């Protein structure tokens, strides 16, 4: 069993880090209690790290992933670098951390190479805990003394940045454990029934001109704007995500053996990596099971299929006689679903809920759109926003949110993006058709 | 000198062959003399190969490139496979050629691995000439006997396919010679003045809904349709391409040393390949010169800069305070330029003309658009069109045409595409701005 | 500084694990107290691991190296697998450890891939400590109950195996810390004078037939026999190892820039890795310093140069107008030096002492001999000795011992071996000449 | 069939060129007619190249191999560089050839990178023929005018150098053709019976001190000396090489599936390359056949097995309960076989003869010896001998000669050497035992 599981590890190197800070678009209105929100977000990170030992927190299982310890320190460094430092009077916890825990902000100075994060055994996980407490105290002091609008924006940004890393922390930790030959569990999950999925129904959306992108109310990353018009032709979109049950049919119909279903690069990836099923799936006693937060477990037929590459999502859609929606079709459709929230991040239950009408939660959904700037997009000024557009080539947009996305971080205009071959994301798909 | 030139060779492996056949969209109206056109196109290929020795025609300088001999045989195989075979009564010249000269049509059967085309030393270049003559005779016979509409479409498609390969043949042969330490010339080019480029002027295009894509009149590849509406915001587009003179300013201003100008993947490519200038440029006696069809020569300041990757085009636009146009902005602008044709393929003069109002000729122009299907796009049926959409991931659209594009093959709706790091294409850029 | 240090990391992948168990040659006479020796050796391993945190003990800095935690567990597994299991009545601490901590004994069953040892975050370092205690208790019980001759041999073998891993543990931990950007110290080392080295003197050895190899008295690995005759021509051998002071002259004389001094593969390695100095050396304020157990410190001119590849040792000898000794020249010479012991493993002082007449201690010495079987060599039977000769290709013999070799493990017939490019070994050289 | 054949291609990159010139050891006595010998050797090269088209002569099938055209030019350059240039008054045929056709002599100046020899399409094969004629005329003129002793030595050396390249030319051309999907034949070979091999008999050699190495009579490369004493223990050596028939038994007995038979690096190579049989063997209609100079043909059971790596030879010996001889055992045994010559190079018959008592001819024989300098070895002075010892690491000695070795080039003291994984050499093995 162990051996098979190891084979599901993605080890493809990539050339960048996309844990991008982004920036506040317009002035973010001060929430009732920024202090309370600060404390909640910071506490959730520690809550997520708690089941992981110092050893777990140190290892890096692939270049795209980072150690838990690094996520905990990097999100802390962000406040030190962009809030406390400029505010003055702050004593850095350790001057070497500026080098160790910067991710990619070139304007800030040199940084430690990403693929070697697993070799930074010092500071220890405990020391990182003390670092977090040190910075928390300083931010809380600052908040209690009062912050100006720019500082408030920076805190809001820092919290959104940390929420992004909370999802990455979960993804990366799960990937690390998936590489362990005995697939250890992060949490317990009781035995469950395996009900049939809901039948697949379709929603028709009329063609015409639509406004898309963020409207400036509340926080958004800059890549969600400017709001602009797009012309859509009429289309239908599925009212639930593709399920594990459906994916088993795709496999049974030779989905991974038929080049005509695949993009050329996708077929090359299938052969190079030997893909026979989604990420973390493995054969166990003649059946497909899947590794997840609760270790290796039987598949639930009604759950959305997860840990797909873009290529797999695209091939499935072709097999099903449909296609992926564009990111704008997705966004327009999502507006009209009142009860669109599915399962979001709950440290005690890190898996998708049953596929239903959810568009924000359960799994991210690959779209057919390339990650490109909206018309009129301009990168922000300064180090925080220095690189906001620099990942806009050869990446693919995912929309929605997943069971690893912190509640409050999801919104219909959110643009997530990954390279086409990524499989450690909580990503599935939803079909569209003319 | 030789050593420096060798360094300009791109040796990046890619996973596909994109010399796609495509298919006829609807019924192509029969041109006055298809026979004459057949003979002209076929003769031009031989004309292009004539200055290349049997040795030149055999070598393959990188996985993306193919030997001249292979291009000559593959375009011939296309007629044998898709026209003469189905027509019946044809005696294949050599049954092994079906394996050797298929490019990527999986439905046709197994094929020889692309990166090993340079090892297929047999048949000889002379034998390939006999193969071409054998097939030419059969097609001419068929044309004289009369062809049905489907056969006529297939011949038109085969000729467009061969025209694509004519440009590839020129690109690939030039790349091969660029790898020779002494940069041999394909042809002679007289000494020339080095006039200043035209001043840069801008054309304003109003916003609104536009129809884009091929309208079905005459031949087009299927990726040019369906015709559909797009909404554009007002923009300006430069009335000539960026010149060598301007590129020298970019270099002088540290363009290749400033990460803030580059996409993340682009900056990684700059460092990995050590790019300091466009492809085929080299330092000679303290000045930049460029290798081309006439060997290594001084740069002409008024020519469009050529042999750029997408990353370089994008970085330049950012440096210039502008951006690349989308493919639809480009297409809409191109409609209004009456005298848009620049230098197209002339075997005696394989270099761009001076940058002017040309949009179809001189150099291909990188756009900011990813190569994706148009709304409602459906791949064609059968082996010829089998894979028409399979390259639609992680490629970038170029518009226009180049001095290596055969006259008559260019049109404003044509969608060329390459991976972002490609530099052996005759590709430059044109600026756009809000 | 950090960046420069990182550059000294070797990251060359290798295809094997050479922590070979070997086997007892003939019956090993029972030492006065095997129990005391068992307890001493086992305690020393824990003593070496003590300054390393759980995080330090988990990371793997290159495929050739293993985590501290793994060394601690693997040496324990050896007793469980080859002593306690066959003895019967033993309850394995954890059945999964058989998979996790087997190194290369194929007869024992499948094992975890070596390059992924750094991802085995579970069991924790603490749990490994409990594993060691569990097995120690069982072995001590067995010893107290009384062991037969074969069991005694196996315990002696297990202790020699563990001593080998003690040196590897030190080498690997040092390599890991050298990859940390701030070069943390394992221990303190007081400031020292920097005296001049002893002058270089030579010992003449007459030619003729000599017996070499182990004579069967006491423990030896099987590769040290059979004892046999070799014919030597007269030679001289240096009476001390090459020093840091001499190596600085080699560098100053362009040693790393002159291809004529190097083996062809060596020169390729110099260019591929950018070697400019021995492993762990770095430039600091315009001078060469070296990373070691006490962090980055000034070089001591009188210490033997250390962390050399075979290629560097060979090039130096050529530069010095001399050559490396063969392993048999070395062995014959070592017999005659009565006071040949230098600094052996002391957990508080992990660095060589000043170069003197020492041949066993301070640093291993590269010889010119390939690692090949002695005439009549036969691999042992069974899993323990299963693979004793399987590393006998493309490796180079080192003789002597180093400051990381446990006292009592060294002897003049000991054959250590590594691939030519290895630099994380405590290895230097001694010159020979006709 | 074609596909299977392609799989037999070795594509392992290596870091060097070992077509070493070597040097004359002391004064070579002038042969009766050096002129006649010069003309014979030069003519044989052209004879070997004659069946190869210009296309065949240009391609390079792997980094270790060189194009035929290159061999023809390089051996010619050798005379121009080391004989005609120093002699004065010589007009170089083309000054760029000094860069293009130098192999590794660093003292002579920069040279074209070995892995790109296949891209040097110019000069053409015909032009290389003219180059050869130009240099031949000059050498013949010089010989007719009279040469001094040093010039005579240089000519003798140049001819030995060219003979080495004759064998390389055959090896490399065969490798290239083996990569062609249809395995074209270089020559015809009539249908043959398939007799049983001779029974395997053994010759006993007593132990004691033996003199080995070249005695200075006639030409030898410097690595064959100095002559010196070695002490051997009694051994037996097989009186013929291992045959195809025996190799089929090894395969049938799971030889390629049993790790215990292999060196660690060898087993890794088996798995990495997927070796299931010797080089150039392929399955055809359920039987093993082999590609060779006459294309793909049935195996002859009585021929010596050929195109083995060192690892395979070593594994076979272990399987057979024997071992490989050392190079000195081989040399001592070879002295006593009066009729030791087998099939040497005949352009019309490029395959081994039936295995018999031959030790010089048919196939090279892997020994267990690493390629190391003899005691007292000193590299020669000047560019010709500049690098004579630089390949003495991680290579393995082969003794004897093969059906691709020119007659007159073989001798019992000849030391051929290759890396352990090489399979395009005409190499087999002979067993030894205590």
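We just call them A, B, C and D in the order they show up, numbering each chain from 1.
Heads up, the rule we're going with is that a residue touches a chain if its C-beta (ideal position, glycine included) is under 8 Å from a C-beta of that chain, and two chains touch if they have at least 3 such contacts.
Please read these numbers as outputs of a predicted model, since none were measured by experiment.
Under the touch definition stated at the top, chain A and chain B share no contacting partner at all. Across the assembly, the mean Cα position most removed from that of chain B is the one of C.
Rounded to a whole number, the gap between the C-alpha centres of chain A and chain C is 45 angstrom. Separating the centre of chain C from that of chain D, both taken as means of CA atoms, is a distance of 38 Å.
Computed from the mean C-alpha positions, the centre of chain B lies at a distance of 58 Å from the centre of chain C. With touch defined as above, chain A holds no residue shared between interfaces to two or more other chains.
The set of touching chain pairs reads A-B, A-C, B-D, C-D, using the touch definition from the header. Looking at the complex, you find that chain D touches chain C at residues 15-16, 104, 106-107, 209, 228-233, 259-260, 262-268, 310-311, 314, 368-370, 372-373, 375-376, 386-387, 389-394, 396, 420, 434. Across the interface of their complex, chain B is touched by residues 2-3, 6, 53-59, 61, 69, 96, 99-100, 110, 112-113, 116, 118-122, 124-125, 176, 179-182, 184 of chain D.
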